[in-house]
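Here the structure comes first, spelled out in structure tokens, and everything after it is commentary.
So that you can tell them apart, the chains are marked A, B, C and D in the order they are listed, and the count of residues begins at 1 in each.
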Amino acid sequence: MHNAKPLPTYLVQRFQGWKATSYAENSAWYRRLASEGQHPRAMIISCCDSRVHVTSIFGADTGEFFIHRNIANLVPPYKPDGQQHGTSAAVEYAVTALKVAHVIVMGHSSCGGVKGCLDMCSGNAPQLEEKSSFVGRWMDILRPGYDRVVERKPDDMARALEKESVLVSLENLMTFPFVRAAVESQDLSIHGLWHDIGSGSLECYDPKANGYVVV
Amino acid sequence: MHNAKPLPTYLVQRFQGWKATSYAENSAWYRRLASEGQHPRAMIISCCDSRVHVTSIFGADTGEFFIHRNIANLVPPYKPDGQQHGTSAAVEYAVTALKVAHVIVMGHSSCGGVKGCLDMCSGNAPQLEEKSSFVGRWMDILRPGYDRVVERKPDDMARALEKESVLVSLENLMTFPFVRAAVESQDLSIHGLWHDIGSGSLECYDPKANGYVVV
Amino acid sequence: MHNAKPLPTYLVQRFQGWKATSYAENSAWYRRLASEGQHPRAMIISCCDSRVHVTSIFGADTGEFFIHRNIANLVPPYKPDGQQHGTSAAVEYAVTALKVAHVIVMGHSSCGGVKGCLDMCSGNAPQLEEKSSFVGRWMDILRPGYDRVVERKPDDMARALEKESVLVSLENLMTFPFVRAAVESQDLSIHGLWHDIGSGSLECYDPKANGYVVV
Amino acid sequence: MHNAKPLPTYLVQRFQGWKATSYAENSAWYRRLASEGQHPRAMIISCCDSRVHVTSIFGADTGEFFIHRNIANLVPPYKPDGQQHGTSAAVEYAVTALKVAHVIVMGHSSCGGVKGCLDMCSGNAPQLEEKSSFVGRWMDILRPGYDRVVERKPDDMARALEKESVLVSLENLMTFPFVRAAVESQDLSIHGLWHDIGSGSLECYDPKANGYVVV
């Protein structure tokens, strides 16, 4: 692996700052986490987007959240075909090995992945339809959500589809036998959130209202 | 989606705290990020493990890092077969759409995924060999790394394989044509790190030394 | 321009060192900054003093801060008279063209400019009163601050006036219509800091306390 | 001053990192700088642009450089009219009070201020011609430079004018009697640089060649 480069200096400085402050103040806790292993309370599935860090929004302490981040916070349907499914592996590990009490899926405004799906499904992004487009094939997971928002006014569709990305993931989560079993035995609860970057607001899906309510 | 539950109260409280402090103090910045979109400098690929948050270690400001987190910070080889590859989609989006300047892969100590791979490859975890094991199939990506550490002393193997998980990912990254092209044109640099949870130390892969050096 | 001399050798050497390390490791980022332009998050107005570099104190990455430095970190009142106002031009560019989210004014201990103002206002520096004194005329901006500290004990006056230099600048900033509009629409926030060189401490102005609090 | 906000959290963290590392390792030096005052070797006049920090490029140690930063690194002509001239005040303080040995003016590629001047002088930015435009009036300083590049090919003009911004500043510096005297007595030397952000290269004005040479 001869292409790797040293860590950029600005990150070295920041790491040294963290080491001298946050780590130094909590080294006993870090050592205990290292020796005892992790016992996170919740799994959070959110987007890779640089503007949305659940560790900030929820003041995440080290050891609390098992966090999977992918494009558009999607969970594919259960499909044990022997192929590589990174998201399914993360869900399996969180629910069956770590036995988290919550799985939280969080979408957000201005999501580039959802925007791509919208363009693709409405015929405006033929390049995303190509077999070789990893983003396009990944966003196929959200196609069922598109069918549910296609009647909306054009201005409302992106936001509606962002919120559908959460619901599609929650629905797909329930297709995993070990998730369904844990939910039904009340060992696990699942939650759907949507975050607005600009206003800082957070909305939670409420099945009774069949919609999102502001937290 | 009738199974979703409200957000747990402890997270509601933390969100309200974030809203009243970090968000309130930086609302201008959040609004600008919402309207202008993201321009992250780096993509970071790290593990879902709850004890390792790069946002803390590198004091990540909102908007700086595009973060993909999966089990054992793995990147699969390039395989444009029309199937769903979440990690490949994230890499494609970061490099071709966001044009990040760095892709940083960070492994860590006490990695449960790597431990599972070690058990599986050494014949001690037959359940992970099953076709239906998402974790097992995901950890197949690391099998080439196992072959390189199998001669090690038993006590050293887990750590060695954690470090291999980074190198295998860097190698696989280079099989993506758009990654290779960007690295060769010097528009992108790739970096490999390994973090020790208990001691708080950070090591960076140095191709000249063919090993890791402490940052 | 026949008077210019070559770059001193010690600076040539340092530049070559930077080129071979920081630049080489981050060339992808520098090239992207060159092609995409700057999107700084904050404008910082600080003193020219060689002992106070906000780039160090805040670990400034390239591209993060738009930095204006003048004597005593002063902002003059809004005065669109067609004359040359370098500070006003910098504020105008940062707020209206770059749309920064923060303007941070930082003063510091042992400020020579503030000391000159104190001497001038207390009648001990007649040369600074002269029309031809650029420093004296520049420090006129701080005269309203002098009136607010004149009752202090002599030993406390310099420090008090340094802190006033920040507040006068914040007040003057709000006389610019485009600054006031951006603050009122919450697209911009303004911040006042004072840094102690010897102890390394940093204080932030808190309007509720009507004073500075240690960060 | 009731509008000021607390320091953004990400800067608090970075400051704490600096305090615990750079400051802690050098506290004796910082205390000495505080008690003895500054004795910088050089004054540097550079642009506010967030992509160009001379503190990085020249590995500036605390106490070495007295740095003035304004839009497009401009020095206006000597004009002791009793008005506020922030740049002239900085030059006066550096040369007559601090008695620096060098004044270095550094321009750079992709300069937004120079671009504005080019647009204004070629009739494409009428808003910059208005009396109320602080940026426009500030860039008037560079008009004599425009006349010297107007015959260039359109693609070359921006870069040529960036380099002229340095020469105009050096010429204007020499109109200050105390600068001219110090240069003529060889107590002061002046230097002109131009930095290319993307390639990281640095060029120095050479009066013998009447042009810039790569450092």
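Simple rule for what comes next: a contact is a pair of C-beta atoms (placed from the backbone, for glycine too) under 8 Å apart; a residue touches a chain by one contact, two chains touch by 3 or more.
Each chain and its UniProt protein: A, B, C, D = Carbonic anhydrase.
The model shown is predicted, which means the values in this text are computed figures rather than measured ones.
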item: Selected pair, greater C-beta contact count between B-C and B-D; value: B-C
item: Equivalent interface to A-C, taken from B-D, A-D or A-B so that over half of the residue contact pairs match; value: B-D
item: Length of the line joining the C-alpha centres of chain C (Carbonic anhydrase) and chain D (Carbonic anhydrase), rounded to whole Å; value: 14
item: Distance between the centres, which are taken as Cα means, of chain C (Carbonic anhydrase) and chain B (Carbonic anhydrase), whole angstrom; value: 39
item: Where chain D (Carbonic anhydrase) touches two or more other chains, by residue; value: 5-6, 8, 13-14, 17-18
item: Chain D (Carbonic anhydrase)-touching residues of chain A (Carbonic anhydrase), taken from the complex the two chains share; value: 13-14, 16-18, 20-21, 24
item: Sites on chain A (Carbonic anhydrase) touched by chain C (Carbonic anhydrase) in the complex; value: 5-6, 8-10, 13-14, 17
item: Residues on chain B (Carbonic anhydrase) engaged by chain C (Carbonic anhydrase) in the complex (per definition of touch); value: 25-29, 31-32, 36, 39, 41, 59, 61, 63, 99, 101-102, 182, 186-189
item: Residues of chain B (Carbonic anhydrase) defined as touching chain A (Carbonic anhydrase) within the complex; value: 1-8, 11-12, 14-19, 22-23, 27, 30-31, 33-35, 37-38, 40, 42-43, 48-51, 53, 55-60, 62-71, 74, 76, 80-94, 97, 102, 104, 109-110, 112-113, 131-135, 137-141, 167, 170-171, 174, 183, 189-193, 196-202, 204-207, 215
item: Sites on chain B (Carbonic anhydrase) touched by chain D (Carbonic anhydrase) in the complex; value: 21-22, 25-26, 29, 59, 61-62
